[in-house]
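Below you'll find the structure I mean.
First chain written, first letter: the chains are A, B, C and D, and each begins at residue 1.
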């Protein structure tokens, strides 16, 4: 029977060295944190891995945008499945609107009157959202009519990314690198409202089946698939279900604060997905209970240090 | 300053009487439970309320199907927004497949070999899922080609509901009563796989914009809208965002185990939605921290007792 | 393999009838809720069960005081292990101080200036706490010096209970009925501060070993022991560890919002305690994820209805 | 209004540099993580701060023992308030018993038969616990009778620490450096059982009032007090309540997975303690939602890097 080993820390040690210490604990949170860094390192180090990232919750507004951009540019992420909100916030930032510091105890009726909308302790100006509507309309106009009649969300987002002036936006980088961003819930976001509004008077047909075909193909053609799951929601499940055609992903890490007992997919342990054929086997899986906006930057830093060694 | 009053219970008292006792606590969980029953009672009692129910998590497989059916038949629910999973499980049950009792510690690789898939401690036979694929194909065939070329999910589900032989299924009852069931994430479910597979060789275009138009119209035309939010996910947000065109819902209860600090929409307090114009004001809102599959049957029973008094 | 059965509700049905419906679900939250009612019913119905209740969190200030009093008077609770806070609040209420309705977004520096202290959305007057200090001193004076030199917390609380004029307080009823209330963390509460202050100038030696001997004896002499665990903390663990001398409790229900993954005792599943010899076996155990101040009144009502049938 | 700034990471950057990036997010988890590192750095850097650490949950068995030892040796922790379990596990390790790697799905009846006890996915041999009982008895024998008649837990633990041969145990280091370890819930642990057993036939009177006097004095005499709160439970509350005599602590960080809505002290936000006079004001407070065994090593590493700059 293997033993638990304690963590030793030393001023100036790297995150990857700390993660190695934590992996030697083997159990509880530290063991899982250490394993998460190792699994992510292996994905980063192995060109055969198609790395699929799912994001739900305030990943972009919570400050992780540049980290995602950096990973895409380094070819360390090969597909993203996201909520509509994260796309919306990437576009808002691309249009020059910054998120504002608020408080979780702010009075929401007051905020409404001031033209501010709240995500926990972070604020967005209504003006920014109005600006987004206008920009979205202009960007849609510039998409050839033929394309608009039957478009996947990843194609639409490539189009937007190609038109955005902010070359450091996630959409822009993804567009340049032809890395697909899938947004199966695009209809359910501020951006989605703009698309729907536009569609009332102009031809625009979004076809999610095209998205799914693309995602299934990516999965099917990959030698190995690694899932990096930040938060739960539809993005998590979507990555997993698309991989059922290849017999499941080969490795996965998930970081979530959701709990399993309620039976929802968001908080479900990765192991459950094995019984559905969405994950291959128990090796190379780890669930970290915690806030993805805190843990993912740290884990990524550790994995980047390890990679290429 | 109002005071906290203690709860008194007596053998044989009704749930509504208990809820009244709990409302008098005013604070903490009991106060919120009591208010939830009162708010739901008011929605049930007021014909002017358009009651929109959102469901995420194992509401149907967790045993609440007949409760939903009953509420729809009594005209106490006027629209449902659901995950694809809940539709899938309603259809599985309609085809005669029952859910099986398992354990959350079951070995998932073993289950996979036995042809069983797991949701926490509940099992589904893979055979049932294969049966669903065949049935879905047959049901799709029977939908007129013209309808299939541009169909909303609520229309598709009415079509399925009309064809199902199980007259007590949620889809069937919704179809008979022309109560729309919206499924914005239908692509992300076992049923969604079947639809996608079908669409590869046959004409089938699902148009989520049609769904959103219908949902917005329902909201817009209602004198009052009440949201009943079980779990988070896209269904929760979808009900709220669709109501932003009318200035927000008038009353809402949500039951969830998700927590707010991560900043995701699922765990966000209802108050936050006021700043987005998705909820009108602080009155008539209540968030219950807990498992919806446990609390909703109890709250509903209490509200049904109150209604019509 | 047993099947999941759906819940059917009917206006006017009792909580125990609803619980029976929910037990037939067998899985997820409803199955656990139903089992909790059944297990509690069995404890209530069987005179051979020594029922030990542990309370942590705002059980008394949250409005459950009369429920506990009622159970003690009916001989349905035979020992209580509590945090110091719940004793403090029982005494505050006994002295005529009521809890005040506040809000979880109240400004705490402002509250401090106004002489109000906060527990989530509930407030206590500092004046009440000062009153408690004086009363505690008077009550201590009336305890014979000899008793004070080596006193268990259950003896101290019987003394207080005997002196309180409020005959409906938990301490008072426990004192009259000679039902022990153990408070292993009494030193860690507002009441504890008063005891410590008194002990600086007067003879007062609290001996927790005497408490533990009494608790172990109760456990040892019982034909059967049933644990009812509301919240986690030291009270939960204390009931369980005291029962390790008899080979563990025979039945247990716990209601908690704490989660297991962090490895703390509060959120640990009851099954874990089997490996420590604190619980006998897997039968008759159930953990309900939820707020004890909401669920315990409902479960108790259901169990009272069943009992004696 | 201040703005949210994104995080930039770079291979090889230190944890303190990453924390600075995260602090610039200002909101959500990253902002809190960054602030936690800064506040801890300030405590470490300021000799006037009396640093009080509270630990609940598997801090020692989870691998953090050497980190605590290191901080105590560097004089960066000046008092510890702990659960009995953490003391028990420090002693077990000091006696040469290592923790074993298990699984959270292990069968507990089987483990019991094999003589193994479980904490989530970590195992302890019953033999080790029996060994602890014998060792504790021997160590108690060596404590002068006069001391045993009225001993505080911190004095008892100094005695044990002085006798343990493992010079790297937390108790041993604390004893050598005369840093007090308070254990208000010592009666509620495996070690507590051993103490109680011993007390049945031998003179041993533990006096928690002596502990509290010492803790209050430490707090009262300090120029500044900083609280580092890992997990909730009695240790958290004990540090805070002892500081109410000086008007509250001056700075505090807490890391917990417990949630606030249930109203228990474990999950309560630090701000609430301001209304009780246990914390001075809103500045220099931060609550991190997460697993302390994961986040504390990382935060400590970051703070150590900053300190002394």
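Keep in mind that, in the parts below, a contact is a pair of C-beta atoms (placed from the backbone, for glycine too) under 8 Å apart; a residue touches a chain by one contact, two chains touch by 3 or more.
These figures come from a predicted structure and were not determined experimentally.
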Shortest path length from chain B to chain C (each step joins two touching chains): 1
Same vs different contact residues, chain C with chain D, by half of numbers used: same
Same-interface partner of B-C, chosen from the options A-C, A-D or C-D, over half of the pairs matching: A-D
B-D compared against A-B, more contacting pairs: A-B
CA centroid of chain A to CA centroid of chain D, Å: 35
Distance from the mean Cα position of chain B to that of chain A, given in whole angstrom: 26
CA centroid of chain B to CA centroid of chain D, Å: 44
Junction residues of chain C, two or more chains touched: 28-29, 58, 61-62, 120, 122, 257, 259, 261-263, 289, 291, 293
Residues of chain D touching chain A in the complex: 1-9, 11-15, 18, 21-22, 24-33, 58, 61-67, 70, 98-102, 120-123, 257, 288-291, 293-295, 297-298, 300-301, 304-305
Contact footprint of chain D on chain B as seen in their complex: 28-29, 105, 259, 261-263, 289
Contact set on chain A toward chain B in their complex: 56-58, 61-62, 85, 104, 106, 108-109, 111-112, 116-120, 122, 184-185, 187-190, 192-193, 195-196, 199-200, 204-209, 211-213, 231-234, 237-238, 241, 244, 257-268, 271-277, 281-282, 291-293
